[in-house]
């Protein structure tokens, strides 16, 4: 064939590109793993993180990143022994990508992992941190699978079972005898996890779920069929263990069909008021269980919110607060354990585990006196808020 | 009543699919390419309308026109820069390029508008939220009503346009036989550009209507409706304008009914299952022309 | 690639086969040696198995799209079937004291068989259609497989294996959930290694390249090049297209098994339309029917997003632009003519060939 | 290019006679012809009242001829007369609306293209249909799928059966290619061949299926006079070597009149004349239909 020239050209170009990409990957290694913080000058504690910074779930990753960066800046301003170097990579909330991001961070010389943000990716990546003995504290991956069987993984957020049970207790207690419906995302471990535990607990308390409708991730545009089912079942309370984006659509569509139940959300509902263009009147009266209330009068919260708004020009959501708390919890535990930055990862990991399971307590934005059990789960009390006049009001 | 509600919801969703599918079908008819970036043009249209109303405080109808103008320009630009250089190389190379354009639009939108979902204010919000019928038993939203009406008007308009006007006839000629049309003195390049322009303007309308009914607006908003509309276009017989309309409506209704009466998890599987069965019975779609190869 | 080869010289297929095997073996040796010297970054190490899996996916899809000439947009569906089958099989065998290699091999074979059977069953209706209608139906089947995986629950306990369409499997306390509907598989034992991936890539190359250079391959390509002429010489077009489709699906199942056993969790949604498209991009970019092209394209495009991390937020935008530009530069007739003329004028006098007509048309 | 068949190999035209056992009710013309040597056997092709409509338009109607087992027959007629349609009917690319044809005495109603090929009808195409991306040799070998009959497992593992059969196929392909002296082109990509060679390759590919009837659709299109002359000899040589019948469509009158033993003239889908070349040349209906066309014939 006559095209042989073009083809040869392409072969050479492709081969060169291949060599280049390998070289680029190999190259980053030299700069990455060389320094374990042992060089002269300021000692550095490398905290890595991974979360979705692009794609559909990026709002959570970006919030965690921004919250964490504020915490890092605060700590670096006052800490004289060492500086925290914080690096967050984009995993698009994908398990395969989270392996890549973790390995990137490993090349960079990660000492402690603060992540990953989303559950699915976290389960995948935590299997690697467990093998490598890197201590991991996830701000927001809430499934029980994240920590199961891995002694090095801890959570800042509630576990899903915990939330489901607490929500069931609250509804059973405060709305006795009312009909309860649930709409949940059955392709999301977070949503399904909360729902399953909610259902079990609620039924054990003698409640009955009038209607439970699910939707898969792909068709998150339209909930009219689910709402029609809720309405016809006469549900007075609709429990929404889902994130706020679909929730906002559900509220709008419910209003369109003149259906006005009490919506009861969980921590994923947090953020709904910040959605650009969202008519907050739609969310009036919505109840949600969140560990973080940006309108709280708490001093620490107010300071954080002010700083966050000044830096990023938006109201922080719970994920930002989780990121902030995670950094501080790691820092406090690191100091309390008397660790130094030039210790190998295994030693840091073991000492941190001992610290976290040994009565370490941290007062954070998302809960006072947080403690951890040996499964890695956090113990803190959730707060139920109701949305009134566009802000959260504690119940 | 629940049945009627579901039917209306299905018709409304289907109308959006139909408008998107019209764009798909026209572009396919003329350039024989699957323009996978079409769904993302919808998303851009919705963002433009959103920005016009939120930041510039323009009235809703002006924002729609603005979105149409921007999308038209975008459509012409995409065709000229990405697709034209590959004309005549077979559909697969252009298909991959279209996927590249799709990635590009999504990621550009992510950089420009951020990842946080915007809540699109319905362009019919001034009319109130819905009409109550049968003493509140049945509610019909303005969005559903206008989407359906818009789809019908657009379909009639496009049928007349391609049938009656000079440009429309040129489009049909180019679809039938690119080379012969050129010999007849039709400017093929500008005709194809024109088709992309119209398809993209329709996409802008679809974007606004879609987000009026389902207000969460994200960079990935257009992707799934795009695939569904592509399915709808094939379902009705790709290249056929009434086919796109019929396919869109049917896909919408099947999707909603499937979700309501069979299984919300399997609603997509049901839609695609029906598509497969239809294609096996009618291999070129409901209203598609059977193409026989000349031997 | 020159077509004129005298008797005794290598046929073009043999030559291309050698290139493919060469690339894979050299890459394996180089990476292994570098790895032994500690020169391979963790990032690349972590990507080695996915790269092998994607190479298998790309080569197997090339059998359908390039060799058989049918556009398939649902290849990820077979990957999914292979991956989850392998995970289930491996999970069931976990309790036995079988060596890891044997368990991996059984899991991979089962994954390939299930995906192959699925490919055969799907192929029967799909291949009755033509062109874009065929493409949309493969897309539809891909989505249906994903949807069905979303409602499949499987677990194992002392009573054996349980498979249901709802989460209430009634497992014993000691039982283990293997597939958990939309939440996929968790706590998967990671059995895949780079060496295993390398071997599976070689198997894939062996199967695909040998088929290409056999009666079946000739028939498949004949049906692609001219369906009517193929029928006129008595070839059963449906049979050969189905053969290509089934073999491709089985290999994809193998690739999926390798992929699935490399991660501790796997969600069904991973194998969506975007993944099918990603694999298609490898194939088209590497060249239709060009096996070593698929290998290189799959490798580069898997590594590229990681290399582009320095562009941070602009990463995927850069990826999109690279993709568009490469497509235009590879396939645009104008640019192709230009490069061709330029290369010929610059480097060599035109040598006389029987006649010339555009080469790598799509 | 040297030609394997020398000019003096030209085979004398055989004597024609009337084929007696023919159902005249089906025919629009008076009789049917078969070469003398084929008369004692049944015709290989017995086409009876074949007709097809496309959307109400009759493309071919009452097409009735018989072809002897070693006959070279021709169909001529103006453009659009329905000549290629007849080939498509004979190879079942189209199913006939009316009528049928017997192949070797067997009714072919309802058969598919593939089955027809397996029975022994092979064809070439007016607009060349090669397997463009395959090599010349592969094009030929692709048609030998009946004799190369190893299974998929052999195809994958390349076992002894594969090697034996592939070797045999390779040798036979080169042998067939040598008819047109194309064995040196075996490794070229089919689409890279010049036009004339592509036409010849189509004939070789058709022969590789071991046909009993070879249908050639305008084999001389685009050839110059000397190539056409070579082709004529080769057509006769093929008939003699393989002992098969050849039915061809051709516009080149010199070729048709020189090579064909029987000719059917088609106009508007119907046969207007049948007979020997001499008869056809003197037929007033043919002259009328062909007026102006005849001048072009070289």
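By written order: A, B, C and D. Residues from 1 in each chain.
The rule we apply is simple: a contact is a pair of C-beta atoms (placed from the backbone, for glycine too) under 8 Å apart; a residue touches a chain by one contact, two chains touch by 3 or more.
The model shown is predicted, which means the values in this text are computed figures rather than measured ones.
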Steps needed, at minimum, to go from chain A to chain C via contacts: 1
Central subunit by CA centre of mass proxy: C
Identity of the chain that, by mean CA position, is farthest from chain A: D
Chain B and chain D: spacing of chain centres that average the CA atoms, whole Å: 50
Distance between the centres, which are taken as Cα means, of chain D and chain A, whole angstrom: 74
Chain C-chain D separation of Cα centroids, rounded to whole Å: 43
Whole-Å gap between the CA centroids of chain A and chain B: 35
For chain C, residues contacting two or more additional chains: 3, 147, 150, 182, 228, 313, 316, 330, 353, 356-357
Overlap residues in chain D, where contacts from two or more other chains coincide: 93, 125, 189, 192
Residues of chain A engaged with two or more neighbouring chains: 1-2, 53-54, 186, 216, 218
Contact footprint of chain C on chain A as seen in their complex: 1-7, 9-10, 14-15, 17-18, 21-22, 24-29, 32-33, 53-54, 89-90, 94-96, 99-100, 102-104, 106-107, 120, 123-124, 127-128, 145, 148-149, 186-189, 192, 196, 216-218
Complex interface listing, chain C residues touching chain D: 3-6, 11-12, 206-207, 210-211, 213-219, 221-222, 224-226, 228-237, 243, 247, 289, 353-357
Chain B residues touching chain C - in the complex, by the definition given at the top: 28, 34, 36, 82, 85-86, 88-93, 95-97, 99-101, 103-104, 106-108, 110-111, 227, 230-231, 234, 238, 263, 265-266, 268-269, 272-273, 275-276, 279-280, 283-285, 293, 295
Chain C contact footprint on chain D (complex, rising order): 91, 93, 112-114, 117-118, 122-123, 125, 129-135, 138-139, 141-143, 145-146, 148, 150, 152, 154-158, 162, 165-166, 185, 187-189, 191-194, 197, 205-206, 208-209
Residues on chain A engaged by chain B in the complex (per definition of touch): 53-56, 58-59, 62, 186, 213-216, 218-222, 224-226, 228-229, 232, 245-246, 248-249, 252-253, 255-258, 274-279
